[in-house]
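Here the structure comes first, spelled out in structure tokens, and everything after it is commentary.
Note that the chains are named A, B and C in the order they appear, and that numbering of residues resets to 1 at the start of each chain.
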Amino acid sequence: MLHIDVDNVSLLYDTPAGRVSGVHEASFGMEESEFLCIVGPSGCGKSTLLNIIAGFLAPTSGEIRIGGKVVTGHGMDRGIVFQDFAQLFPWRTALENVAFGLEMKGVAKAAREEIALKQLRLVKLEKFARSYPHHLSGGMQQRVAIARALAYDPALLLMDEPFAALDAMTRDEMQRLLAEVWRETRKTVIYVTHNVAEAVYLADRVVVMTPHPGTVKTEVPIRLSRPRDPLSVEFLEHQKQLMRHLSEQAAKV
Amino acid sequence: MHEDFPTASTRAPALPWLPAGLRDRANWWVVARTAFPFVVVGGLWEIVARMEVFHRRLFPPLEEVASALVRLTAAGILPHHAIETVARLLAGFGLAAAVGVVIGIAMGRSRRAEDIFLPLVSIGAPIPGLAYAPLFMLWFGLGNFSAVLLVAFVSAFPIIVNSWTGVKAVKEIWIRSAQAMGADDRRLFRLVILPGALPYVLTGLRLGLAQAWRILVAVEMLAAVPWGLGWLIFGAREFMNTDVMLAGIAVIGAIGLILENLVFKRLEEYTVVRWGMMTS
Amino acid sequence: MSAFGAGARSFRRAAVTLLIAAAIYESIARSGYFAAALLPTLPAVAHALWAMLMDGTMLRHASYTLYRVMFGLGLAVAVGLPLGILMGRIPAVEHFFLPLVSVLMPIPSLAWVPVFILWFGLGNVTTILIVFYAATFPMLLNAWSGVRSVNPLWMRAAGAMGANGHSLFWKVIIPGASPFIITGFRQAFLRSWIAVVGAEMIAASAWGLGWVIFDAKEFLNADIMLASLAVIGCIGFGFERLVFGSLERATVLRWGMVRTAKG
């Protein structure tokens, strides 16, 4: 049985102009511990699909199964990291933010602080455990957000363009860090991005989505060994391949 | 923006009676510079008073005001009035805070509550609080009960409106993150919505306190209650005791300043400023 | 749901709430529990209002009050606006006036009424001065904040394009500070309104909406009181929507510069 199964999911919006399709019959599957990237231009419905998987939106038709169970609303089997650094709670220190999920699970204070500290160590921020978010830079805040989403051990990690708002150098650093974290934790990850190079760097498999209507066009496996070299020939080949898929659709529009 | 107290610019001096300012070593210049306008105004006042441009009783020199201050404090009169006023303030404001925050938050959380209360609040708010005073006096008589009720009624409005706004301003992204991490409605409310709305709630409480203060002093002047700083000032008019009146005004100003700085500033600094949700 | 649909639904709900509140009040008033003089029925209030409008007294009271508000507000703007702007531009001015402002502001304007009565007597002068005192602070502080908030980038860009002191001031600083200035004006108006009613209650000698309410208490005329309250509310509301709303629309809203927190 597949670990994650997205089965013919569609979402229709009601707008003043009539019904608009946000996502149209998207389907794909995932194995455990796989790193999947969803790539596409704006308006292709990738973030919408992620929100459906997260349980914040209900699909108009189709269903999503995780480990065989149908998804109905949000749950602690999924962790989520948004693009906006302001997702951290400003009234809690970094440590307290990371411990939040554990707090919800009912873990005792000493135990959850220990686990939270371990997560912060994983993202190399243990020194800032007692700092408030507004004292941390954007990249650091995103690292805390990742630690927070991992702390309570969800089966699936969902990430919605988490590094898009960072400068290029920080972004590269964060991608390397994420690859390391994933190697250590072997989580199943669905990562949404519009940055093709980023997808090739991180993913085992890339799902290409195209807009009008938002649908899955194709899937491209990336069989490169890690750590990956963004300047190698194979890397660039994969990039070109993906860009071709994307621009074909753009030309059609 | 705090509409009731100036937000000092980065170039403005730390006012010397705020604790933070005194810590600075090179503060002499700042202290002198802050005291300067008072010296100028005080000097002008003294000149006008001593030249007896106006009748001495109407325009007393500062030393007479100071001596009235000392005299009344020593006799226990001034403290008595001050305590009465402050007690009414705390009672009225406390009531307004308790009720106002609850209503405001309910309005933010429940569409139904909002639909019920918003029209009532919108109608009541533009009417100056003091306009209700004679009505309250008619309905509840003179005395402390009536005064406290009026203060509570009037200062509740900014508290309600700001608490309501605060709850609605809680970021969707915090709510989603918390829900994704398993927070149920109760814990969501306690751990995310309340702290998230805090900057607005504090602003509302601050505005409410300023309102309560203003209206209390005025109500006391309408002779609705025995004792109280407003009553003291108004009463002194009969005997043209301007020195007493100015002393009373000085005490009113001092209390207002203390409430603003010692209470609210501290509260804000411990919470929303520390969390970076509001600049100090 | 479209924004328009939601707005209409809120309006309907608001109307329903008000009708229910009015009905509850009316039933209490008619129940006979309270004397008719204390809790007049709504028709009685409407009657009192109508009577006062017809014989011109309401109009006269309202015009006295408005006159005092306008005069006091005018003074407050004439003094507070330039002073606030100067405080924002010239550090020496700021250093001189800010301590004075900080000390005077916590003192409620009405605390000065007895002193002003001694100095200027009962009546117009005192009332107008109290309004002036109350309205100056918000005007001044907002003008000051507004000038300080003008984005330095705009100043540099204008300077690079050859704007000198005079045009820089009028064409960059004033428009740039306008959201704050308008908010200051709005808050000043609210404060004057509150101050005028209070001052009239304590210091006016014969005319004015505040005076009417206070005087009506002596004769247990709750119907006149409520009628006057209604008039006060309407004028305040009308000004808010008509004057300030359109002022905002013509300037800052059109330029996309709305401030998030409203007074």
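One rule holds for everything that comes next: contacts are C-beta pairs under 8 Å (C-beta built on N, C-alpha and C of every residue); 3 or more make two chains touch, one makes a residue touch a chain.
None of these values were measured; they are calculated from a predicted model.
**Q** Which word fits how the chains touch one another: line, ring, star, complete or other?
**A** Contact pattern: an open line, chains touching in sequence.
**Q** Which chain is most central here if centres come from C-alpha coordinates alone?
**A** Taking the mean of C-alpha atoms per chain, the most central one is B.
**Q** Taking each chain's centre as the mean position of its Cα atoms, how many Å separate chain A from chain B?
**A** From the centre of chain A to the centre of chain B is 48 Å.
**Q** Rounded to the nearest whole Å, what is the centre-to-centre distance of chain A and chain C, using the mean of the C-alpha atoms as each centre?
**A** 51
**Q** Between chain B and chain C, what's the gap in Å when you average each chain's C-alpha atoms?
**A** The mean C-alpha positions of chain B and chain C differ by 18 Å.
**Q** Two or more other chains in contact with one residue: find those residues in chain C.
**A** Not one residue of chain C touches more than one other chain, so the list is empty.
**Q** Inside the complex, what are the residues of chain B that reach chain C?
**A** 1, 3-9, 11-13, 15, 33-38, 40-41, 54, 58-59, 115-116, 118-120, 123, 126-135, 137-139, 213-214, 217-218, 221-222, 230, 233-234, 236-237, 240, 242, 245-246, 248-249, 252-253, 255-257, 259-260
**Q** Touching chain B in the complex: which residues of chain A?
**A** Chain A residues touching chain B: 54-56, 74-76, 78-80, 82, 84, 86-87, 89-91, 100-101, 104-105, 132-135, 148-149, 152.
**Q** Enumerate the contact residues on chain C facing chain B in the complex.
**A** Those residues of chain C that touch chain B are 10, 13-15, 17-18, 21, 38-39, 91, 94-115, 117-119, 138, 141, 144-145, 148, 187, 190, 193-194, 196-198, 201-202, 209-210, 213-214, 216-217, 220, 222, 225-226, 228-229, 232-233, 236-237, 240, 261, 263.
**Q** Could you list, by residue number, the parts of chain B that touch chain A in their complex?
**A** 171, 173-174, 176-183, 187, 191-192, 195-196, 198, 271, 274-277
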